[in-house]
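One structure, as C-alpha cells, below. Some questions next.
Naming follows writing order (A, B, C and D), and every chain is counted from residue 1.
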Amino acid sequence: MGKTFAEKALGRAAGHEVRAGEIVTVEPDFCMSHDNAAPIARTFKKIGVKNVWKPERIVFILDHAVPAPSDDHAINHKEIREFSAEQGIANFFDVTSKGGVCHQVMCEEGFALPGLIMIGSDSHTCTYGAYGAFSTGIGRSEMAAAWATGQIWFKVPESLKVTVTGSFRPGVSAKDLILTLIGDIKADGADYMSVEFHGPAIEAMSIAERMTLCNMGIEMGAKNAVCPPDAKVLEAIRDKAKTDRWEALWADDDAVYAKELTYDAGDIVPCVAKPHTVDNYAAIDEAKGTPIHQAFLGSCTNARIEDLRAAAAILKGKQVAVRTIVIPASWKVYRQCLAEGLIETFLDAGCVITNPGCGPCMGNHEGILAPGETCISTANRNFKGRMGNKESFIYLASPLTVAASALKGEIADPREVL
Amino acid sequence: MGKTMIHKIIERSAGREVKVGDRVWCKIDLSTARDFGGANCVLQFQEVTDKKGKVWDPNKIAFTFDLQAPAHSEKVAVNQKIIRDFAREQGIEKVFDVNWGIGQHVLLEHGLVKPGDVILGTDSHMNLLGAVGAFATGVGNTDIVASWFEGTNWFRVPETMKITVTGRFARGVCMRDLLTKIVGDLGADGMFFKAVEFGGETIEAASLADRITLCSMVTEMSGKVGLIMPNGEVLDWLVERAGEEVRDRIKALAPDSDAVYSDDLHFDVDKLEPMASCPDAPDNVKTVREVAGNHVDQVHIGSCSNGRFEDIEAAYKVLEAGGFKVSPKVRTIITPATREVMRKCAAAGYIEKFLDAGIVFTNPTCSLCTAEHYGALPAGDVGVSTTNRNFIGKVGKGSHTYLMSPMSAMATAVRGVITDPRDILG
Amino acid sequence: MEKTILRGRAWVFGDDVDTDLIYHNKYLAETDPKKMPQYSFEYYPGKEHFAKEVKPGDFVVAGTNFGCGSSREHAVYCLKYAGVPVVLAENYSRIYYRNAINNGYPVLFIQGISQAIKDGKIEDGDELEVDLAKGEVKNVTKGTVFHGDAVADLEKDIMAAGGLIEYLKSRAEQ
Amino acid sequence: MKITGKVWKYGDDVNTDVIFPGKYTYTIKERSEMAKVALEDLDPEFTQKAKAGDIIVAGKNWGCGSSREQAVSCLKERGIGAIIAKSFARIYYRNCFNEGLPIIVSPDAVEAIEAGDEVTVDFDSGKVITARGEFPFPPYPDFVKGLIEDGGLIPHVKKSLGLK
C-alpha cells in the first residue's frame, strides 16, 4: 500500500514509517514568525530555557505593520530586534528593503524547500507546499515551546487528493480554482487534512499560482497543502536553498486518500467569495455590478510579479474608478515591478503603491475600511471585520477580477476587459 | 506709508485699506481640510446647521488625505468616509484621496494656489504655500467651518519681519540648514504672530522645493506666514499650473519700496555649515559636526518640509557618493511628498537604487510626522528626520529626534551614526 | 461670563508647551470633543496623571508660546471639556490662540508668569484665585499676585458671543 | 473534573477574526484586555455579559482562520469553562489544549442544547449533561490529557524539561 505525501514527509522527519492517524513528534526544519515573534519571545522567556534550540532554524520577518505605524508597533518591533540579537537569530528581516510578506520571503529566500517540516506562527504558513514542503501554521505558545524544545507533535493527517486537468480559459487563474474548490467543499471541507494537488493543470502552473492554491489550504481547514516538487521547483531553489536537508518527496500512485476530487480547469470561470465567508462562492455573473469603494491588490495570496503583471495589463493607460491599493508581496517583487515599468503603470492609473507588507489584509495597516464600505480584494479572507471594520464587506477575487473591478468601480468580469 | 506683501494680500481680500493690528474679515479663496481635522469640520458643520447647511461655494473647498494614507485605523477610515460622503453631498469635487500625497503640495501641483490667495487648512504647515506668495494659514476646525458659511474669516493684520539672504551654499549645505540656523537664532517664538518676507539673491535663485522648505518652518517660530515673491523658473512653473493670471497677481503683490518692517534681518550662507535641531525642540540647534558620531536607530526623509523631488535627489547624490549602501545599523525610510514626486523618482531610476541600498520607499503621505504612520519610534530609539518637529514623544513616547537636511539625513544613514554630509561628498 | 472670580488648583507647565504634549497626535482621529480630555497631557513628562486627576475648576498655568505646533483644535477641547475654566500663560501660539477664541474658551496673557514658574513662585497644587474681568491672578498659597490681559477687540466680541460660530450666527441675525 | 455553566450558542464556521479582531493583535497585549473584546464583532452581548464558568456551544469548524492564539486566550481569560462544538478548526484545536481551555466535540450535544441552557460537562465520565439529555464524548488522547493536566503547553514543557 502506497503512502501519501504527509505520510512520507512526517515519516522521514520522525525517522520511522508512519500512517495517517498516528501521533508523531518531529524536529522542525524552519520556524517562521512575523511581528508576533515579540509575544512569542515573552512566552519563551517564561519557560525558563536560556537559549533557543537552534537559532539558525528560526526566521523572523516583519510584515504586519511596517514601518511601525504606532509606538505600540514600534515597541513590538524593538523587542524582536533585541531578542534576535540576544539569541543570535541571523535570519531576521527587519524594516529594510530586503523583506516583504513573510510567506513570500520564505519562498524567495530559499527557506521553503521540498520535504522539509516547516512551522510558522501564521495560519498561511501552508503556502510553502508550493515548494513541496510540509508546512503548517501553529499558535504562539506552541511556537515558544518549539523554540525551547526543537520539537512539535503532529497527528499524521489523512489526505485529500485534488486532481486538476485541462487548462484555464483567458481571464481565469489559480485564484478562481481555489475559490471554486473551497466553495464546493466548504470552510471545513479539509479539516485536519493534508491537501495534495495533482494533475497536468497543476504541473502547467507557475510556482506563483501554486502558492496561491496552497496559501488558501487553511481556508478549507487543511493542516497543509502541497504541490509536486517537480523540475520547476528544483530549478527555483537551485542556488538559493538555505539548507541541504531537503528531499523531493511525493505521494505514491497507490496512496490511500480520505477523499478524492477532480476538476477540469477549463470548466472554471472567474468568481468571487462573497462576504463573510471564503466558501461563499459566486460565479462572476452573479456578483458583477456590485458597487465597490476600494480595490486591494496584495497579500501573501496574490501579490507576486505574475499577479501584478496581470493586473497592470488591465490597468495600463486607464484610470481606476475607486481607490486602489497595490501592495507588492515583497521588495523583490516591487523591484521587479520597477524594472518592468509596472510601478509607473499603477501610479499613472491612480493607484496607491505602498511598501510591501500585509497592508489592510488583517485590519492592521494601510487600507482599513469604514462601515458600509465594500472592498474587492486578492487576499485570502473576507471574514466579518477582517479589514478593520465589522460593518464592511469584502469580496475575494483574482488579480484580474480585482483590476477589472477597480476600473469600473463595481465588480466586473475580467473577460470583458481583456 | 508703504505696504508689505501681507498687507496687500489682506487688502485685496478684505476690500479695504488696513493697518497693522486691525482685525479684518477676509474673503477666502480656498478652504481646505485634511483627513485629520476634516471629519471634525464636517461633523461640526452638520451639527451647527442641523445637517441642512450648504457650503458657500463647493469650488472653493478642497479635501486632502495625507495624515494617514491609506488609513490604518478604523477611526481614520471612518473619518475619511465622513469627508468623502460630505463632499459628494455638497458637490465638492476637489477631493484628493489617499492616492495623491501631502495636501499643500497636491494643491500646488494642481494649480489651485495663486500668489495673493487667502487659504485656510487644518494643517499648521499650510503656510508653506507662502513659497508662491499665497497667504495660507493653519487653523482649527471651527475656523474652517466658519469659512464654509460665507467664505470669510477674520485675521489680525500682522507686522512683517524681513529676512534677506545672501551668498551661496557650500557643497553639502542647503536651504534646510539655513532654516535650522534661523530657528536656532530666533527661537520657537521668534516670529511670534508675524508675517515674514524672505528675499535676497539666495532666495531669488532658490528652487520651489527650497522655498517650500523655508516657508514650512515659519510655523516652528510661531510665525503667521513666510512669503516669497515668485520669480524665474518658479514663476514659469506656477503659470504652467495655475494660469497666466499668476503674472498679474504678483504685480499687485510686490511690497512697496517704503514698506515698514518690524525687523530687518540678514543672513549670509557662504560660511553656513550643515545644521541640526537636536532633541527635543526645533530651536535646540547645533552644527551637525557638533553632534557627529551620535547614535541613531532610524533615518527618515520626507514630509511637507523636505519631501519634494529635489530633496530626494539631494539625498540620492549623497547615497551615490557613499557607494549606494546604507548602514545595516539604521532603518532608512524615504517618503515622497506626492504621487507626482514618486513618479519622477521612479522615472529617474532613484527608487531602484534606494531599494538596492536597503532603503524602504513608501507611498506619498505625511508619514513620520505623527506617531500614527510609517516609522513611529519605540521608547529609547533615536531618529534623524527631515520633518519639521522633534517635540518630545511626538513620534513615540520616550523617543528622540534630530531634524536635519535630506543630505545630512542620508549621510547619517550611510554611516549609521550622525554624519556631516561633507564627509561623504568630499 | 457669569462668574468672574474663580478659585482652583494650579497645574504648572513650562514654556513652548506644544500641541503634542497637550494632546498627542496618536489620538487625532477622535472627533468627539467630550472624549478628548482623557488624553490631555499624556505625553508630558511628569504630567501623565493630569487627565486622571484634574478636577473641574483646576487651572492650567504655563510659560511662553503655549500650544505651539499643530492646528489641532483637540488641544483646546481636551482642556475645555476637562473643566479647566481658563488657561493662564505668558502668551500663546497663534493657532492655539485662535482656536481658543473661536471656542469662546478664555485664555489670559499673564505677565511674568514664565519666569515665576522657573523661579518656583508658582507650583503644582497652589491655590489660585483668578479674576477674569480684571485679569488678575492671586496665588493664595504663596501670597503673590500676577497681572494679565484679557482679550480685546474682535476677539472679545467673539468670546462674548460664545465662540466664532455663535458670533457669526448672531451677526447673520442682525 | 466537572464544569457547569450557562450556554452561549453560535453557528457554523465562527472565525478567529470575530472571536478576536485582527486589528487588536498588536495593540492589545494584556490577557485581561483581550478578554474585554472577546467576540465583539459577533455578539456584543457576550462581550458585555459573559461570566466566568459560562460555556460556548457552536456548530462546525469553530475558530477557523488565523493562527492567533488570542482567540483562545480571550475566552480562557474571560473564564469560559469549555467550548462544545460540532468540530474545531485545526489550529484553534491545538491552541485550546496549549492554553488549557477544555473543548468537547459532540455534534449531538450541539444539536440538542439551546442558548441559555445550563449544561454540565463531566470530564471523568466523558459526558455532557443537560436537561435535554446526556451526550457522551470520546476521551482526549493521552498526549492531550497530559497537556490539560499540566495546565497547558508552556507548564507542560517546563515540567518535561525539569524547569520550575
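One rule holds for everything that comes next: a residue touches a chain if its C-beta (ideal position, glycine included) is under 8 Å from a C-beta of that chain, and two chains touch if they have at least 3 such contacts.
Only a predicted model underlies this, so the values are computations on that prediction, with no experimental measurement involved.
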Of the other chains, whose C-alpha centre is the longest way from the centre of chain A?
C
Cα centroid separation between chain B and chain D, in whole Å?
53
Could you work out how far the Cα centre of chain B sits from that of chain C, in whole Å?
28
Tell me, which residues of chain A touch at least two other chains?
65, 70-71, 73, 363-364, 368, 388
Check: chain D positions touching at least 2 other chains come out as 23
Return the residues of chain B touching two or more other chains; collapse runs of consecutive numbers into ranges.
68, 73-74, 76, 78, 371-372, 397
What are the touching chain pairs in this one?
A-B, A-D, B-C
Which bits of chain D are touching chain A when the two form their complex?
12-13, 15-18, 21-23, 25-27, 29, 41-42, 60-61, 64-69, 72, 87, 89-91, 94-95, 98-99, 141, 143, 152-154, 157-158, 160-161, 163-164
Would you pull the chain B residues touching chain A in the complex into a rising list?
68-74, 76-78, 80-81, 97-99, 328, 331-333, 339, 342-343, 346-347, 351-352, 354-363, 371-381, 395-397, 399
What part of chain C is in contact with chain B in the complex they form?
15-16, 18, 20-21, 24-26, 28-31, 43, 45, 64-65, 68-73, 76, 91, 93-95, 98-99, 102-103, 153-155, 158, 163-165, 168-169, 172
Using the touch definition from the top, list the residues of chain A that touch chain D in their complex.
23, 35-36, 39, 43, 46-49, 64-65, 70, 72-73, 76, 120-123, 125, 136-142, 144-145, 148-149, 153, 186-188, 191-192, 218-219, 221-223, 277, 279, 362-364, 368, 381, 383-386, 388, 390
Touching chain C in the complex: which residues of chain B?
23, 36-37, 39-40, 43-44, 48, 67-68, 73, 75-76, 78-79, 82, 121-124, 126, 137-143, 145-146, 149-150, 154, 156, 188-189, 192-193, 219-220, 222-224, 281, 369-372, 389, 391-394, 397
